[in-house]
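In the two complexes below, chain A is the common chain; its partner is chain B in one and chain C in the other.
Take a look at the complex of A and B:
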């Protein structure tokens, strides 16, 4: 009989070393794939590094991809850590973009320092409300939030298309010659453009700075507050939380709202930092909400690790466009991303579980089962 | 409880993986109908073919580029021989090639829109040989990310950048202002700058002819159309298609379903299947993939394609299609850029100049129908017929274009082909989506 059992104590060094070993393994496997497809892995890795960080404008580009992934990664991480499976980051991002652009258009004459927080609030509220739909259904009707939040992504996408393509909404530009040829959203006023931190030729988007601050706050919330403690207990066992008298419904709603607010901020940042216009196709093609799930998984749901992983995935996506060409199909870049994901997740599972061959329960396992029975 | 949580964990990991793979391998998966015969031979034919034309072009340097058609590059299209001035010949060499970049909204393997552009790129490579280095970026999202790709191409030394979808227009306008020494060309757009040109062509003329084939093929008078976005470009294609169909069968109707995507075989399939269940017996489409044709073939219906010759995907269903021959345009413009004679322009190709080409007829198109279509094509080429000449009646029965008026291609204000936003009589559907 072959079984997979959980190891109860992972040494600290192993937890730190595992992700790095996994990344090294991913680099080796990717290297093999590159060699088999006729590319030199060393030059390819050099190209990736140059295209993501050192060539002109590369670092700025990397952060264009990293910023939304930071928010959607945090959104997924905070919910998944509590075992609330909010797959709806994509739709919450759309709603956040709708909210933030609506506020940006409405209050376009406000001074920038007031308009930025107003737009962020618009994104937060819209994203949180959208996430509360599956949250309420889960808390009161025990529906499966995976399905509900996933399906709501499509609904949010249709709402966004409706506003720009299928109606004469407040968001749609109905006057410019370009808009007569192809439906577009109204462009926000210059006051609604979020200023980036410019260091030489590198521009750090304001949204990224906000995301890092939020990551630190989230870590503090989970680690050092009573609410964070309740969230962690519930993450480990809902019945334990109920038994301890915690109000699990309130926790579910709070987690969904925070998760949705973060994804909504991703949408607000897309409007304020980059697009300055509600662009349904651009947002839909980018798929930042879904990629955020990958970022969260690679970061093992740790908010600070999300910051690092968002930059790495942003860099890889950015390099992907620089690499691809007649001799380098984009599928190869996707393959490399997939290999990294498999290695890191696989490494984590192998670190936490071990494969046992035999029929007798080991003392450790028996102890664990006795624990579970209690 | 425990098993429930376990299941949830697993499905989330699965969804994460699916998301990652979808993001990465999406393009790989859709590569299935990959560059058929046309791409590879063209590339391999490139090297030997290129030297000679380039040299002969030098001899007749004064002749305009479009004069002498030659070198088919294995695509079935006729490509012009570029004429370079002696100065350009000495400036752009294999050690210092002119760099032409293409930004694709989909993958060259889509067997439709992007494939047609890729055929054009390969024709450029074949025509110029080592003097021109072509590059492309595929699956580039239309939005803020496109700006980064443009920057990367400029960093890689691109001298001219062709953006092949309308959604790149804002990005290109900004880039053209920021980089006055790089030339930009935007397909299907409207904005012009000293270093930003526009190019496209009268696909609607071809769609009128496809519509004739569909109108002749339908038995119950019900035609379906799988349409990408509710925008004037697509609305005028559907209008022309419908007018063509009704010229063959005055009672024919065209039912429209929107997909809100240029290229998404899954959505295109759903839309086509919904039309089949609505009882249509001929399908047309304005999508980037031949999926609609595969649905038509499976249901035993007839089909008109779009963008490229897609007959091989559903030979029994195939009627014909509007296809675009981008190669000659690219070759001429790149030659002009190399010669230093490039000027901004608004190119609108036609059946007459060979930019719009009707794909070969399918086996089920009768000789009489073929003759009727060819006669109409000859009229369009001769300039004696334009589908958008009034009287044209709108869907609601009111007059869209009065008798004797022909819509202009594009005017910044007023009704033009580029701003038409209503359906003609015979279309079932909402032009606002």
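Take a look at the complex of A and C:
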């Protein structure tokens, strides 16, 4: 008699070992795919490693991708942990970029130490407000926040396009001769450029540093504050939270706002750290908001794990661009990312079960429990 | 005065007098792990063309018996016979092939599909994958007409009321040619008019030679619809009687029984200090009305008063407004009319935090789903309400080390057995979970404690412990409202007993003078 049954508790070692085993499995399956498509997996993995970390400028460029993923990953993790499914990180990022670039343009003459916090605040406020739309609808009208936040991503995208392509908005460059032919946004002043932390040839973006600080703060918030306690209770059992007298609507709104603020910071960092101009096409093609959901899932919603996963996925994305060429189609990189996600999430789900060979004692107990619950 | 007529196979046989019953359970025993015997040598048989009622309180074993009849459980002993030959049913599907269908309280319909689509979902009279709506709709209309049911085959399920939906579930069984139809407390969701319609449909079904097994705990309706009645009590089939030969009083007595468990002392009888009658109630409800989950009014002008140091028992069969009553007091459900007063000052409804702050402690019926946050630790569950004010903190930061120390003390005081304050509550046994709830609620120095089914599902030791804690708290001056379906528990612990029937207080009696017969009658709506 062989049965697969659910386990109530996973031992600690298993929780740590499982992601690594899953990654190994992903490497093996990806290796098979690579062999089938005529590549040597060992050399390909070597290439990926060099292109992400060791070759000239590789590490800097890995962190260019890791920084927005860190923010959007945190945004998804904090909400999902509470079982509030904010998948509007993408749109909140766009709004954050609009807000931060607006502030950057408006206050361009301010000194950098004042301008950076102002731009961050612009991103935070814009992202949080955008996230509050699905938050309010969920809290007061019980709408499904998945659908609303997802649809608002497209709305935010259109707003961004409207500002640059279809209007004479404050964000659009209406003066330079090329901008008359190809619509672009106004470039921010030099004072609005966020300085990175340069160590030799490697530059760590300011946004990444801020993201790491926020990850630590978020962990502390969830673990040891009153608000974090409320969040954990609500994430576990809404009815217990209501029973305990918690203001569940306010908690939903607060979590949505925090999540949106983090995604908005991703947008602010895109402007301040990297782009210095509101570029709808670039932001949309990158899809950092959606990839952030993947990052959060792989990190099992743990803020500190998000930091590590963001770097790994950033590295893989970076390597993907480096490897791309006639012999290495971009689809292959996507396939490998998909295999990693599949393995890790699959491992996470299967880890909750065990295979039992032998007597039939346990299912009966489950039956009795089910009956007692009735 | 004890009636124990065992309905053995012999007596059932003589009653059937040569007729082969459509379905019969013979000596069915079902044990669950942990020594719970849900069915203990249960026997009954339903003849062709008969409405056979299964009557019993909650926990009497009705649901387990039905799950055996529909193939969800296998009996440990005894057998099920269909048309006189033994069958082994391994799944609801096999039971349906034997003609046994059950209409559950929670209906199994797809909201977005039409009536016709739901009826043929999974099984059609016509072979193949093709779905011919017109033909099916015609067939449905024909069945509906024959059984006096008003049904629009085009309607989508979400457009229908609960009563109409139940009709569709019954129709679905009839379309599949159910010969034995089990209705599980079908009138719970029905208005009186809908109940009448259901009864005339049931009459048509049995007239057509089908058998209906009617599960209920409401005496008047059982007498109105059934030909014969099998009474279940504490997992046993007490007896089977002809509906024509009994009255409500007799049925009530059979259903609740009247033998006191030996060794237990009635608190009221022991005179453990009934408070003076003129003392003012710490909790007072005045003509409180409230709506249920489906927007139908379930509490009607409930007026009650709990005095300090008193245990007021709320007796009643489940689903007569007990849950709503508890929720209204705890602030989890707003009342539509009337007033709730605590220490003479009005308690505004629908605000659980206000109720907590005013000193209302609540042990909810749904222990795991509401009473605790199962994936959090014992410490965190102990501070589920106190985290806002009393738990150790520095500004907004909770000092968990000190909270752990406090919870270790509480765990000792309330005999909570776990691996420590960090153990997750879902890993604890039911008794220990309930002790966590009680420890939290009582350590907040409440004025009033509402305990809803506080010992349901607990073993004997844990039950005694909970009873001890309740009596102790009353002695220290807490006003306690004990809501329970276990009449023994109510009688044993309460000073006064109020009986709820269909959301109304049908009577309040002094526990010292209460008789089981009187309480049973009131609980069944016959008083």
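The working rule: the second predicted complex is superposed on the first by the 348 of 374 C-alpha atoms of A that agree within 3 Å, B and C clash if a C-alpha of one lies under 4 Å from a C-alpha of the other, contacts with A are read in each partner's own complex, and residues count from 1 in each chain.
One rule holds in what follows: a residue touches a chain if its C-beta (ideal position, glycine included) is under 8 Å from a C-beta of that chain, and two chains touch if they have at least 3 such contacts.
Just so you know, these numbers come straight off a predicted model, no measurement behind them.
Asks: Using the touch definition from the top, say if A:175 reaches chain B (first), chain C (second), both or neither.
Replies: Neither: A:175 stays clear of chain B and chain C.
Asks: Which holds for A:282: it touches chain B only (first), chain C only (second), both, or neither?
Replies: It touches chain B, and chain C stays clear.
Asks: Using the superposition on chain A described above, determine whether A:225 touches chain B (first), chain C (second), both, or neither.
Replies: In the superposition, A:225 contacts chain C only.
Asks: Tell me the contact category for A:247 with respect to chain B and chain C: first, second, both or neither.
Replies: In the superposition, A:247 touches chain C alone.
Asks: After superposing on the shared chain, does chain C or chain B touch more chain A residues?
Replies: Answer, by number of touched residues of chain A: B.
Asks: If we overlay the two complexes on their shared chain A, which of chain B and chain C does A:109 touch? Say first, second, both or neither.
Replies: Touch partners of A:109: none, neither chain B nor chain C.
Asks: Just chain B (first), just chain C (second), both, or neither: which does A:322 touch?
Replies: Once the two structures are laid over each other on A, A:322 reaches chain B alone.
Asks: Looking at the overlay, what does A:239 touch: chain B (first), chain C (second), both, or neither?
Replies: Touch partners of A:239: chain B and chain C.
Asks: Identify the overlap between the chain B-contacting and the chain C-contacting residues of chain A.
Replies: Residues common to the chain A contacts of chain C and of chain B are 239, 372, listed in rising order.
Asks: In the complex, go through chain B and note every residue touching chain A.
Replies: Its residues touching chain A are 1-2, 5, 8-9, 11-13, 15-17, 19-28, 31, 107, 134-145, 148-149, 151-152, 155-156, 166-167, 169-170, 189-191, 229-233, 260, 410, 412-413, 418-419, 421, 432-433.
Asks: Flag every residue of chain C that touches chain A in the complex, lowest number first.
Replies: Within the complex, chain C contacts chain A at residues 32-34, 36, 38, 63-64, 73, 330-332, 352-357, 362, 364, 366, 368-376, 380, 383-385, 387-388, 393, 396-398, 400, 424, 426-427, 430, 457.
Asks: Tell me, which parts of chain A touch chain C in their complex?
Replies: Chain A reaches chain C through residues 8-9, 224-227, 229-230, 232-233, 236-237, 239-247, 361, 364-365, 367-368, 371-374.
Asks: Inside the complex, what are the residues of chain A that reach chain B?
Replies: Residue list for chain A touching chain B: 51, 55-58, 61, 64-65, 80, 83, 85, 87, 146, 150, 161, 165-167, 177-178, 180-183, 238-239, 270, 274-275, 277, 279, 281-283, 285-287, 290-291, 293-294, 297, 318, 321-322, 324-326, 329-331, 333-338, 341-342, 345, 372.
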